[in-house]
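Structures given as structure tokens follow.
Both complexes below contain chain A, partnered by chain B and then by chain C.
Let's look at the complex of A and B:
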């Protein structure tokens, strides 16, 4: 290779820019990118971008989808939610509370247990991918089938669980049992999903780090705390965030398994919003509630983000 | 060392029992009579294998036309998968490989919506779907679902990782961008396209909240809201409910068994990128 070629190599612009230098792109006119983007952007505009704003507009009206008249309501759909004693505020916050209880109970389990399972699977042995698939399988069944199966298993009179335990526990119709059932079912259903994500993260950890720790005399627990956890940090942040959002969106489990029982105490925020919009025909108020719930969730995500970032700085 | 291995196998097997038992219970119950499914104490194996529940499911009555729901779910899931591939792939290619004015804004806008809680879309999309005349029809559960940003995000990451040399050589030979995209990039991306297709099909097959409120007529439902209806109409006929659950799960379990690697890799890769 002569020096000429070497020189050329040196001045070669970075890969991503090479075939895409502005103005001189080959095989491309100025509207070519837009032609590629157009089909998706039509869908995106219609069903993602417009709805975000349109929902806000709807929330400012008394919006009954079956009436032509949709009178302006100002902020009343929102203020109703924050006026103590109003017809909407009580059930709305009770539903928000149900979602909160479910989230607080399910997220720790869904963050910790799958990590244990992933570590169980993070060693070479025969049948490893079989077990991984086995624990992931419930996730592909979907919330409807899983809820139906668990409603049956947990049936107080003829359910298999009470038969096994020799008890008559009202798993789906009384507290605290209904929460235990909803959380347990959700852990069973989605644990494999988080475990698979953890497992991929564990496999990316450099094994030399463990060797070095061993040489330094670190025991299993110390290796876990000082090698595994720090290396896994970004994956943990991802799992925590995704799990919080998924748990806060809980709907199908309580709609199908406890059906809100007892006394609508397990009726979740999304369940209440859907009822408000589609059973009481008040999409404006449902939209307002959606925005309040969404603000909560975004604040929560931001909180998680900053919590983990602060921890990062301290290290 | 040996104790640790024994412990691991004990844990693996205990978990496996915990994971197989509910699914096995569904399958066994689907083959019991209604009477036997409600027996107390319950029987483990059906005392006689009965096709009563499955016959009712396949008879597909007018109130609960399960086969119709099945067909609708197949169309909706495959349709959504196809629409996602056809729209997201070219868009992701433009965002991965082309420079143009407004690119950052477009990509930023698309990615930002990944963080918008989905409940926001329920009320406005209902109105938009109604304005399009799609209420109570399959397009309502195909196009709004296919508009999600995940596909574009997922494929763009993949395209960026492809080696540039082939594309450059083809461009030098005078190929158009479209030719490069269809003849080089897409064939190289088969695993990513397959993964995205499978994840979309699974998600759509199991979607519940949205189809529950935009589909009404029993004939027009997909399986998820359909099974909800089946449960509402047969609160305690568990043999029938489990038969319905079995019919709804077989396709996704079969798909998972065949394409397990793609699905699991797709999920774990989405985690690493986050």
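Let's look at the complex of A and C:
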């Protein structure tokens, strides 16, 4: 996923087709492309294709990796997830909901804010390099560092923020505050990455387009809507897709900062699946949950892709 | 998708190396000493805190006494330990022996990770009367012994001496009954101090609830752990009491993880029901004056939650009798030593607990007064995971006030019963 968007980012050299044709003329054998593909194909088969199929097989069993007997379970690992009131369905959908809430709250911020930051950083002003580095800096920190720092900054009773504000806001222990904290921290932490991608895109836009627009009497807003946005389109598709997937895979932030508090309401899907598989040793049911989550993510990515493509057709 | 792929990859690797014969055992040789050829033992534990150096010192002392035995001690966080250990053993890379919490023994016994130690304790002549009875019983599962208890770490009542004095309370006489405890909290409240912070987290809210449940005469499960019974009237009373501390203003709302303990160190509250492991932490906090006593009796009987580190011996693909013998001697030597208590623990072995060296440790000795009243969870595979998935959430819901106590406990017990049934099917118990 996301490769479609990446493809659009690449500039295809006009000579590419000609070279390929010449290759055939020189007698390229039918296995030559496979040879070039081989290094990645081997890794892909070993670490993606086989585990995916093996996981599917596991999800059809009551699979405890340390027991000899791994009895066939048919589709029960899946049907249990859709049986209302079952012991697995409740926490699983609550975790899916948590992932959904986080994604819905964080993606718009992580798509829009970095664009603004990138446009500011694209202007000429003193100390520009310093600010470019500063906005990117948090991204190099690990999730553990960021989460632990924020956990103590935001602690309701002993945290620095409440001390400064003189309040007792439960930033990490009650809703909706825990979501505000998790989303806010993630935006602060990862905004720099998206901003750098946008910045690269902005620097690629031909300045003549802006000059032409100015000559035609376009104001700042019109130049943004009619020059910047269309020119950034492939970059935006990439940023949206990658951000959605990253947000939907949220794990470390809630694992470390809120520990699922309050009452496991901020426990995300990946967090729950990891518990089910590696703490409770129910890999079969964890695998089934992973497939349900994966189907959701595939549908979502496809939706994003078609949304942007439809827009393209209209243009 | 990278994390999912990672999960699948891990799963595939782990699954490739399963295949333990269930309930393995081994011969530990005879005698209580080691005079065989030189051996090196791998010894794993989760002592990543101040307790790590203490265990290492004990191991080094053992090496000095037994010139033919070298010990390689490997430490990893307990959170990762129980995932790593069975995987290492299943792939033939496991250690010779390890310490684990007693409530993890049934799961590891079912997974064929650890060996039955009935022969080992018979060789060493260890019997129930050599230990505290509840902890000795907790190390057995389905009639066989799997763990040799090293220590007990119950929760106790810690009090900040300076805060009590400021409120005009006598730190030498800590409250022992419900009336005394509530009177002290009321006194503190009058001085503007919220005396007992109630957290919705397992540390320390979960430990407090379980202790109270037992104090009110309840049980977590039936003895065979087929049914959750924490939603009994005793459970409701216990949780209502915890909630009442918030309602009556003795505790703030929405206390964060560990915030109760940090506030205790800062002198923001007066009491904390915390585990033996806090002795080292509070002892090394500069400027903190504190004292320790058994939990006050809130319900109808004395009781305190406890856990225990147990020595266990790992299954090997090719058992080496010399190493098993050396492991046996190490277990005997270290459980006998009172020095481990300096890390804040109560020795499980009676001889160590009654030694003058242990009696000199004031805080640990106060905690040890609770030994006859200590309670351990029933021995059933996966029980602590079930508790974590159900009861821990119910406690949080009730403490936060998002559910009524009765509803939270009933709902969690219903879900726990289903998970316990699935576990019984899985482990065929």
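The rule is simple: the second predicted complex is superposed on the first by the 269 of 315 C-alpha atoms of A that agree within 3 Å, B and C clash if a C-alpha of one lies under 4 Å from a C-alpha of the other, contacts with A are read in each partner's own complex, and residues count from 1 in each chain.
Following the convention adopted for this analysis, a residue touches a chain if its C-beta (ideal position, glycine included) is under 8 Å from a C-beta of that chain, and two chains touch if they have at least 3 such contacts.
Fair warning: this is a prediction, and the values are worked out from it, not measured in the lab.
Enquirer: What is the contact status of A:239 with respect to chain B (first) and chain C (second): first, second, both, or neither?
Expert: The first partner, chain B, only.
Enquirer: Once chain A of both complexes is superposed, is A:196 in touch with chain B (first), chain C (second), both, or neither?
Expert: Once the two structures are laid over each other on A, A:196 reaches chain B alone.
Enquirer: Touching A:82 in the superposition: chain B (first), chain C (second), both, neither?
Expert: It touches nothing on chain B or chain C.
Enquirer: Report for A:307: first if it touches chain B alone, second if chain C alone, otherwise both or neither.
Expert: Neither partner.
Enquirer: Report the partner of chain A that touches more of its residues: chain B or chain C.
Expert: Counting contacted residues of chain A, the larger count belongs to B.
Enquirer: Does the superposition put A:290 against chain B (first), chain C (second), both, or neither?
Expert: both
Enquirer: Using the superposition on chain A described above, determine whether A:55 touches chain B (first), chain C (second), both, or neither.
Expert: A:55: touches chain B and chain C.
Enquirer: Now for A:32: first (chain B), second (chain C), both, or neither, which partner does it touch?
Expert: first
Enquirer: For chain A, which residues lie in the overlap of the chain B contacts and the chain C contacts?
Expert: Residues 47-48, 50-52, 54-55, 58, 63, 65, 151, 155, 157-158, 245, 249, 251, 270, 273-274, 277-278, 283, 286-287, 290, 293-294, 297, which sit in both footprints.
Enquirer: Within their complex, state which residues of chain C touch chain A.
Expert: Contact set of chain C toward chain A: 1-5, 7-12, 14-15, 18-22, 82-83, 86-87, 90, 107, 110-113, 197, 200-201, 252-257, 259, 262-263, 266, 268, 382, 385, 389, 393, 396-397, 400, 402, 415, 418-419, 422, 425-428.
Enquirer: Under the stated contact criterion, what part of chain A meets chain C in this complex?
Expert: Chain A residues touching chain C: 1, 47-48, 50-52, 54-55, 58, 62-69, 86-87, 90-91, 151, 155-159, 168, 170, 172-174, 245, 249, 251, 259, 261-264, 270, 273-275, 277-283, 286-287, 290, 293-294, 297.
Enquirer: In the complex of these two chains, what residues of chain A are touching chain B?
Expert: 15-22, 25-28, 30, 32-34, 36-37, 39-41, 43-44, 46-52, 54-55, 58-59, 63, 65, 117, 120, 123, 125, 129, 131-138, 140-145, 148-153, 155, 157-158, 160, 163, 188, 193, 196-197, 199-201, 204, 234-235, 237-239, 241-242, 245, 248-249, 251-252, 255-256, 270, 273-274, 277-278, 283-284, 286-287, 290-291, 293-294, 297-298, 301
Enquirer: What residues of chain B sit close enough to touch chain A in their complex?
Expert: It is residues 8, 11-12, 15-16, 18-20, 22-23, 25-26, 29, 37-42, 83, 86-88, 90-91, 93-95, 97-100, 103, 106, 109-110, 113, 115-128, 130, 143-144, 146-149, 152, 160, 164, 167-168, 171-172, 174-177, 179-181, 202, 205-206, 208-209, 212-213, 223-224, 227-228, 231, 236, 238, 241-242, 244-245, 248-249, 252-253, 255-257, 260, 263-264, 267-272, 274 of chain B that touch chain A.
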